[in-house]
Every structure is written in C-alpha cells, then in structure tokens.
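What follows is subunit A paired twice: with subunit B in the first complex and subunit C in the second.
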Partner chain A sequence: MLPNRSRTSVLVFLLPPLLLYCAAVLFPILQSLFLSFFSWNGISDMEFVGLANYIRMITADDIFWRSFFNALLYLAICLVLQLGGALLVASLLTSLRRGRELIKTLYLLPAVISTVAIAFLFVRIYSIDPVGLLNQLLHWVGLGTFERAWLSDVNTVLAAVSAPEGWRFTGLYMLIIYAALIAVPKELEEAAVLDGASKWTLFTKIRFPYIRPVWITTTIMATTYGLRGFDIPYLMTNGGPGQSSELLTTYMYKTAFTSTDFGYASTISVFIVIECLVAVGLILFMLKRKAD
Partner chain B sequence: MKKLFRAAAIAAAAALALTACGGGGSSSDPSNVSPTGEVKPREISWLLSRPADGAVINIMKKLADDYAKDHPGFALNLITTPDRPSYIQKLETLAAANKLPELFDTDATPFAQQLAKQGKMVDAEKLLKSLDIYDDYRPSALDYQRFDDGSLYMIPFQFELEFIWYNKALLEKAGVAVPKSLDDLPAMCTALRSAGITPIAIDGQDQWPLERYVAYQPFREAGPEFVQKLKQGEAKFTDPAGQKTVQWMAELGKAKCFQEGFSAQGYSDAQNQFTSGQAAMYNIGTWELPSLATDKLNPAVREDIDFFTLPTTKGSVTSANEFVSPSGIGMAVNTKTYDPLVSDFLKFALEKYPTEYAATGALSPTTNVQTALPGNATPLYKKALETANGLGAKQAMPWDTQLDPTTNGRLQQELVLLVQGNITPEQFTSTMDATIKQNAPKFFK
Partner chain C sequence: MIAQTAPAAPPTTLPPTPTIKRRRRKPSLYRTLSRVLIMLIVIVQVYPLAWLFLTSLRTEHDFATGDPFALPSSLTWENYARAFETGDLGRNILNSFIVTMGANVLIVLLGMMAAYAIQVLGFRLSRFVRGLFLIGIIVPVQIALVPLFIDYSTVNLLDTYQSMIIPLAGFALPMSIYLFSSFFEYIPRETYEAASIDGAGPYRIFGLITLPLSLNTVVTVVLVNSIFIWNDFVFANTFVLSEELKTIPLGLQNYIGAMGKVDWTATFAAVCVTITPLLLVFLVLNKAMIQGLESGATKG
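And then the complex of A and B:
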C-alpha cells in the first residue's frame, strides 16, 4: 500500500493520459453514437431519424450482413495464422539451441514493413497474369489445376486477403508467447519429465496453463485487431470482387467517405465497437472458465 | 461517473452542432463574379486531382510564378491527390467541415451539384463570360462540366477523346476486322481468345474503366438522356436500353473479353499488356497519346497500333462521331473565398493557359490555339488530334460522374460479378434497380 501522499501523486500523473484517452477514444465513440441517430451527408442539415439507421442495418442491408460474416471468417483465418503460428514457432524456438535471434528477427520483420508495401507485394504474389509466385509454385509442384486469379475469384479472395494480415503479425505474437514460455520454471518441467510426462503432456499440463494469462492477452489483442482489420483488404481488393472481401470496417469507411452517409456509417461503427466488446467478453469468459 | 458521462455527451452534441452550423451556406453570392476592391496578394490554394508532373500543374505553377512577379506576396499552393477515389473522399470531408480552399477540382457529380445549390461554388458561366473568354471554349468541353439543368460551375482545363486502341497484327492473326457494331465485340473476343490472344486489356482495380462499357449500349440505343433518367429512377435497367447493356456486358464476360483476373489489375498492368503486344484492344483516352503515339511506344508494336472510335449499333440514335469526349475533372471556385485577388489571378491565368497547354501537344479545351505535334510523335498522334475536329454534338457521359455515390459504388461492384459470371443478368438488374430506388431520392430531391 502506498502512503497517502504518493497515491495522490500517482493519481495526478495518471490524469493527463486518462484525459487524452477520453479525448481520443471515448469522445469519438460517443460522437459516433450521437451521429448514428441522424441522417447526414456532410453538407446538408442533419436530420434526426431515431433508430431508422439501426433498423435498416439489421433488417434491410444485405451488404452489412455479408460484411459481418466476411469479417468473422477473416478473423478466424487471422487468429489461426497469428496465434496458432505464433504458438508453434515459439514452442519450436524454445527447443532450438542456436540461431534463435536470427529466426526471431526474421519472423518479426513483416510486422515492421509498411502495410501498403505488404498489400502490393501480395497482389503480385497472387497474380495470374503476369504469373505470380503462388501460381508459379503450384505449377512447379504439379498442382497446375489449382492455379487461379486468387484475388478475382469470389471463392478464394477472402482467404487471400486474410493471409497477409496473419503472416504479418505472427512474429509479433510469437515474441510475446516466446517470452512467456521461457519464463516457465525449469524445475516444474524437469519434475514432470521425471514423472514420465510426454512432450504433449508437458505442453498441455505445464507450459500452456502457465502462460494462460499471456495467452488471454494475446488472444484479445489479435481478436480486436482482426475485427478492426482494414488496410490490407482495402488496398488489395477494395472489398471486391462484388462484396466477396468486404469487411465491416471497409464497408463503414466507404459508407462514410464514398457514399457520404455519415449517419449510417456511424451506426456501423457503433456496431463494430459493440462487436469488439462482446468478443473480448467472450474470450475472457471462455478462457477464465477453463482456468477455473 | 454519471455526471462525467453526461458532460461528455453534451460536449459531443455541442461539437457536432457546431460542425453542422459550420456546414451551412456561405454569405457570398455565386453570381457575383466581379468583386470590387483592391487586389491584395496572398497565398491561395488549389485542391486538385491531377498528375503531379502533368501539363496542367506545370503550366499553372509557371503562370502563378509569373503572376507573383507583378504581385509580390502571391503564391499558388497546389495540393494534389491524383488517385481519384482518395481525392473525392478528401474533397467531401473538407466540404463537410466547410474547409474548402479557394479553388478545388470536381466532376459534375450529384455531390458537386449539392454544393452548387448551397451557393458554395462561383457560377463558372458568368465568370468566363465576365473574363470574355467563354466563347473560346469548345461547347462540348463546357457541356461535359455542366449539371443536368445546364448550369455551369466548373472550368475545364483539358479536352480528351476516348478511343478503342487496337493492334492490327493481332486482329489479323485472329482473322477479325475492326467491329462495325458494338454487337460484334463478343464474337470478336471469342475469335481472339481462340487464337490465344487476350482481347481487351483493362484496369479493373480502378473500376471506372469497366464502368465505361456499361454506358456504351444505352448511349447508342437511347442517347445521353438515358443515364440522366436512370440515375433519378425515371429509367430502369429493366427498360430495353438497360437490358441491352446488361445482356451485352454478360456476353463480353462469357466471351472472356478481359484479361484473366482483371479485377485485381491496375492501370499500368493494363497499359503494359497492350503495349507489349499481349492484348489486342485497350479503351483509353488521348491523355495516353504520349505513350501510345510517340516513339516511346515499344518498337515491336509501334507500326501495328491504331484506334477506332466507339462503334455504333443498328438503329443507333447517336452518330459515329459522338462518343466519350471528357474535358477532365473541372475546377470550381469557392464563393466564400472569392475576392478581387482570386478573380484577378484567374483572369491572368485562364487567358494565358490555352497557348501554354497546346504547346505541350495536348488538346486544349478552347479552340483559339493550335496543338503542337511533339517531335517524337507517330502519324497516329495527328490522326487522334484531328478526330476532335469532326466531333458531333452529343457526348457519352461517364456514368461514374452521373450516379449518386452509393449507386455508383454498387454498380462498380456488381459489374465485375456480372462480367465474371458470378451473377446472372437478372440478378444484376434487380440489385441495381433496387439500389437506385433506395438511394436516388436522397440525392436528387
């Protein structure tokens, strides 16, 4: 327990960042909530429409629902690649004796490359005409029948735009999980090995439970980032072809800045905020319950 | 906590109310084109969507420098965003915040018409007449900038013709001739595909190039009025002219007219495919003359490149010499900041601009100057320029400047699906008619 005076000073120092947070995060959210009850194109007078935007969103907008389900699939692919990939690589790294730093750096590299560069890089990788890396590889290994225009095919485009996002952040989450894994007390592991635990048992009964708090944090981070994913799909396909790779975020952006329907775009953004809160709540609920 | 929440909510409401107030009309009069008073030099800005090293910007920079010599303290700040979709978003956001600069670029879109209705743009017809240069402009260059009611609020800086460029050797190889009718195109594509040639190279990423094609059949079938009625919900895709274009677009798709994976390919990809001799046709305007009709063009195809103008159809109500002839994105003048300085600078610049522009080898929006042929031009360059002399009275308007933004966005998306065969012509028709019905009334009330 801090003495009274230093507790006050801590509170005083906490106040500026709190105010900044309110101004930068809470205020815009409230502003969106307010705008969502209006119809406004930015230059004419604002018209109060009550819940009409919400009713339209839920009952009469096919693109909204399409974008919502696309966003869930996008999230699922990103999570598998980011968390699954990160856990796998981090676990393998712990059993590596040499070259750890090099591998860590190489995995982390995509996280520091600009999004625009990544988007252009992957557009080239997926290209069919001129033939890109992916189609070339398929051709070389004798899977020529799978060659396709990945970004123009309505069946493959969503996975194709999700992969770069997953690839990009695997290294970042790998670092976090790796840091947690090496903090697992060696004595615990050695005791388990003496008791005859297999590698799998060691992982599921000792290591993973030990890193669970870190795992929850990374899952929450990856999920909220995934739900807010925007730039790579927007740059690679602009939501197309049709609405095949439209996410809630890209749809919200277009509604606001292309259709100049600021009221309706705010309604969608309120939905995104709620969606993120629900997702975090669900993750905490599920992982905490397992821990108990 | 409750109190804090209430305070924040009130602050949010107040901020929005202020923004809304700021978005209101200006006190200046759009028809007052000759403001009186002293010319006080200052820096003025032009928000534009043109290539940074293009002729328009280079010339205007030079003219601004010349003007500054006699008016110390004057400067023209050119803020360019060549990428059109990003530019439009910037423009709309600035308009919403009531922060538009002295000069800004816009097409004759429904959004621009709303700005004009609110008195935020100076009446360009009156302005050009007051400067005594109105009659110098090509009527079609001005018409392209007009709103449906005939009012003019934008000044053109370019004049372009859109052609279908083709590779004679590839057509010959496939045993096909230049199409006599638009309806010949699908069969032509099939023949080219069987000869292993990509029929048409297209920039699918930017979406407007594919949207050009949807405008062609209705322009021939029902004239330029079709899109004006369609965008307001007075005409429909279920009408004969609408159905003709829907079926035709589907046929183009079935005949695999466009390169594989076109929707993810950009402007330079399409250009490269055509100039490297892989694709037989390429639909683009005279702004590409420097790369298609000079010695910069790949020598392997240089002798084989030619162009034809938009083919007609049986029973066409528009003539062969009427097609897409845009005068580029226009420049609007902000009423709020229009003063003796802006007026004086525009007079200076607009009088000198055509001569400088024509000297670069481009078609001027005015008729009082002669375009200079560049030294490295091929004979095709001259042929392209001369086509401008025989233009008819009607012009096909690009649909992306006509439809309300939501309908336009949906049309661009659905067209790709239609051409790729992911949806049927019936699905396309019903989706688009429903979209127009939902969105047009808000924009054209």
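And then the complex of A and C:
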C-alpha cells in the first residue's frame, strides 16, 4: 500500500475502468438474467413469464438439446486438437536444436488471421465442386471413397466446422506449454535420466507434473474459448444443414436476431454462462483432486 | 616477421573441447521421427495459408480450369485490383484501424489504472474487485449481445464506432488488468517509498514511475489485444449495419456474390490484403508477442 495514498486517489484510478467494465460486461450479464424471465420481441410490451422460458428450454426444445450436445462435441474436438497438438509439438520442440523460433512463429500464424478469412479458406478446402484440398488429398492417397461435400453431409459437418477452430489456436497453446516445459529444471531431468528413466517416464513423471499449473490455465482457456465458439460455424454453415452444426451460441444468436425472441435468447445466454462456470469449476476440481 | 604477424590474425583455430565432448552422435530414431513429425505438423499449419496466398496471385481462368493445387503457371496482380473494386477495402481497413486504436487506448489506460489501484494503492475491497474483473475472463462475449443491442438502441449508439469499441474494451479489460498487476508486483516497494519521501503523491508516482516502467507490458497488451480486436466479427456483425462503418471481417463478406457464386481469386486477394497489416506487425514484433503470450499464461 502506498504510504500517502488517499481514498480519492483510489477512486480516481478505480472508477473509470470499473464503469466501462460494468457498462460492457457486468450490467449486461445481470440484464440477461433479468430478461430471461420475460417474453419480449423488442417492440411490444415486455411480459413477465417467470420460469416459463427455462421450462421450455429444458423440457420442450429439441433444438436446444441438439445444440448443447453439438457444442460439447465441438468442444471435445477443439480440445483434442489444441491441447493435444500443443503438448505434442511443444514436447517435440524441446528436443530440437535449431529452428525453434521459426517453428514457433509459423505455428502461431493462423491465430493472427480473422475467423472470416479462415471460414472462407476452409469452405474452399472442404468443397467438392470445385474440388477442394481435402477431397483432392483423399483422392491422391487412394482414399477416394471418402470424398464428399464435408459441409453438406450431416454426418461430417460438425467435425468439419470444429477443426478450423482447433487448428487456428493450437500455436497459441503450444507457445504457452513450451514456455512451461523449458522452465522445468534441468537437474531434475538429468537426475531422472541417470536413474534410467525413459523418455516416456521422463514426460509423465517429471515434465508433466511440473507444468501442471500451466496445464490447468491452458485447459481453462481452451475450454472457455471452445464453449464460446461462434464465428466459424456461423459463417461456414449457419448451423446447418438442418441443425447438424448448430451450437448453443449460434442458436442463441438466431433466436435473438432472426426470431427476435429476446427473452428466450437471454435464457439460452444464461445457460451458456452457467455452462462456462460449471466447466471451469469442474476442471479445477478434477485437476486439483488428481494432484493431491 | 611471420611470428610477429601471426598473433594479430583472428584466432581461426577451432575450439578444441567441443569436438571431444560432443562426439558425432548418430541421429537416433527418436530424433529423426520427431523432426519429421514437427515438419508434418508445421506443413498442415502453414500450407493452407501459403495456398491462400498463391491462389490470390493466379489468374481466374488458371484457377478455375487448371489444377487449383498446382503451382501457378503465371502470376498476376489483377485479383488485387478486382478485390479493391468489388469491396470497399480501404474504408474497411480504416474502420478496423479506428476501432483497434480506440479500444487499445481504453484497454491500456484503464487496465493500468485499475491494476494500479488494486495492486499498488490497495484498498479494503481490492480482492473482491479483482474477483469481479475475473468474471470477464470466463464469461463468453455472446452473453452481452442481446442486452447491449437493446441498450444501444435506447441511447442511440447502434451503428457507431463506440458500439464496437466499448464491448471490445470491456471484455479485454480483465486480461489487461491481470497482466499489468502481475507486472506491478515486480516493481520494488522501496521505489515507491523513496518517491513518497521525496513528496510524490499517488498521481505523480503513477505518471513518473509506474507508467514509464510498464512500457514493455503495454506492448504486450496492445499486441495480444490487437489480434482479437482487428479480427472481431461478432460485435461488428451485431451492432453495425451501415456500409461506411464496416470493419475488415464484415467487409470480407461482401465478396460472396449473389447466388452464392464466389470469385475465389479476388476473395483470396482481399483476404491477403486484410491480413497483411497484422501479419507484418506480428512478424516484426513476434519476439515481443511470443514473450508476452508466454509470460501472460505461465504466471497464472
């Protein structure tokens, strides 16, 4: 605490950021909660409906459940690509002597590109007519039977819209995990190697436990980002065909701005917030317990 | 004579020790495999972008009739000309600049102020306020869309730069506060105490000590946030309707023609134009950015 600070100085520094934060983040969260108890199309009078929106969401809305399970699968694919890919590349990179900086930069490149550009790029990669990169590749390696219109096939569309999201941020998590891995004390690793530890034991018994705090951070980051995924599915398929690539976020967006059902959209929003909080809580709980 | 000139020459002899210590190891299977694997993954990561760039340089005819994945038979810039004709690229880039600058100023200034109040000045509820800001990291931005849309339409803020800047800055603020306060922790208390004894109050200490010392963190915060703000789609798409205010991500959508027919080469040229500013900044400053991202997360 600064020796001669005053109460006013605290307020002067704290109030402006707090005001912006309240206006943009905190107040809208409360407002969503409030709106979720109303039925409102933005024009006519708001009508208090109590828990009706919640009851409708949980008991009578198939699209909601469909979107919820889609979002979980979307999250799973993103997590595997981002955390799995990141951990793999980061570990491989530590054994590399030269070119680390170059690979780090190249690997991070997709994270700099806008989701709209990525959506465009992947629409073209997945397309069958004109033939896209993926189908061409399958053809070349003799797996021509798997060629398909990835984005109009109800069986593949969800995976197809999840992959670009996973692809774009792998580099970011790789950087973070790599930074943690090279901070593992060399003496620990050397001692283990002297004791005859294999690469695998070295990784599972020394390196991974050591980077656990960073692993928790990245898992939370990747999970909350995966749960708020929106742009790429919205731009590539707009949730379709049917509801096969609908996520909670795209469903919420359409409910609000296409059907102008603000009350019900807010109910879905509240659910998304709770889902994120529960996810973070679960991750912390599981990883903490495993550590004990 | 020879003996005299010899010492002046730079020591060209190889250092003797490494040749003994570092015997030529046979490239082990593990190392070869891991190298191949890294190369493969990097190719998957980079090839789509290289392809995007190459396509933007091909003639429309060549792309449509030839093998779209072969190397271009001839290079052309005409797609870029067409890209500028089709859309309002210049306008979009300018708008993105305005929004990115505006939001960054707020994020840096307000983030620093809040971190200063919480970390350096300290007050009774500081832990609570810190927790309050933490919510913004966890909560997804989509939650704010409906309420902000309603609020903006009541106060006539829809379709303005502010309608994008305010939520972008608001949601980025928590991370910036977090980065600034973890940096402020490292400024030794004695520095402040010495300044206090010399009669400096909290405002002067902020302006003369804390602010100049945190310039590195400012660079980090600006770089990291610029990526997200420059590329923001969701706020721009929700709050902006008029052509004149469209930012790059929205502008790109104009390239999808009516009937869903896409002029791919021009589209890819437009994409290349729009990602170039950020890409250049990234390539020039990537050391700083990489360091920032690493330290930001590892401290957590």
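We adopt the following convention: the second predicted complex is superposed on the first by the 269 of 292 C-alpha atoms of A that agree within 3 Å, B and C clash if a C-alpha of one lies under 4 Å from a C-alpha of the other, contacts with A are read in each partner's own complex, and residues count from 1 in each chain.
Here is the rule we use: contacts are C-beta pairs under 8 Å (C-beta built on N, C-alpha and C of every residue); 3 or more make two chains touch, one makes a residue touch a chain.
Everything numeric in this text was worked out from a predicted model, so none of it was measured.
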| item | value |
| --- | --- |
| Contacts of A:278 with subunit B and subunit C, given as first, second, both or neither | neither |
| More subunit A residues in contact - subunit B or subunit C | C |
| Touching partner for A:103 - first (subunit B), second (subunit C), both, neither | second |
| Which of subunit B and subunit C A:125 touches, first, second, both or neither | second |
| Partner chain(s) touched by A:259 [first = subunit B, second = subunit C, both, neither] | first |
| Which superposed partner A:43 touches (first subunit B, second subunit C, both, neither) | first |
| Which of subunit B and subunit C A:240 touches, first, second, both or neither | first |
| Touched partner set for A:51, first subunit B, second subunit C, both or neither | neither |
| Which superposed partner A:151 touches (first subunit B, second subunit C, both, neither) | first |
| Subunit A positions touched by subunit B in one structure and by subunit C in the second | 26-27, 31, 35, 42, 257, 262 |
| Parts of subunit C lying in touch with subunit A, wherever the complex brings them together | 30-31, 34-35, 37-38, 41-42, 44-46, 48-49, 51-52, 64, 68-69, 106, 110-111, 113-114, 116-118, 120-123, 129, 132-133, 135-151, 166-167, 169-171, 173-174, 177, 192-193, 196, 201-203, 205-206, 227, 230-231, 233-234, 238, 248-250, 252-253, 255, 264, 267-268, 271, 274-275, 278-279, 282-283, 286-287, 290, 293-295, 297-298, 300 |
| For the subunit B and subunit A complex, residues of the former touching the latter | 8-9, 11-13, 15-16, 20, 23, 85, 88-89, 92-93, 95-96, 111, 114-115, 118, 198, 204-205, 207, 259-265, 273, 405-406, 409, 413-414, 416-417, 420, 422-423, 439, 442 |
| Contact set on subunit A toward subunit B in their complex | 22, 26-27, 30-31, 34-35, 39-46, 123, 126-129, 148-149, 151-152, 154, 236-243, 254-255, 257-262 |
| Contact set on subunit A toward subunit C in their complex | 1-7, 9-10, 12-14, 16-18, 20-21, 23-29, 31-32, 35, 42, 85, 88-89, 92-93, 95-96, 101, 103-117, 120-122, 124-125, 130-131, 133, 136, 167, 170-172, 175-176, 178-180, 183, 199, 213-214, 217-218, 220-221, 224, 227-228, 230-231, 235, 249, 252-253, 256-257, 262, 265-266, 269-270, 272-273, 276-277, 280 |
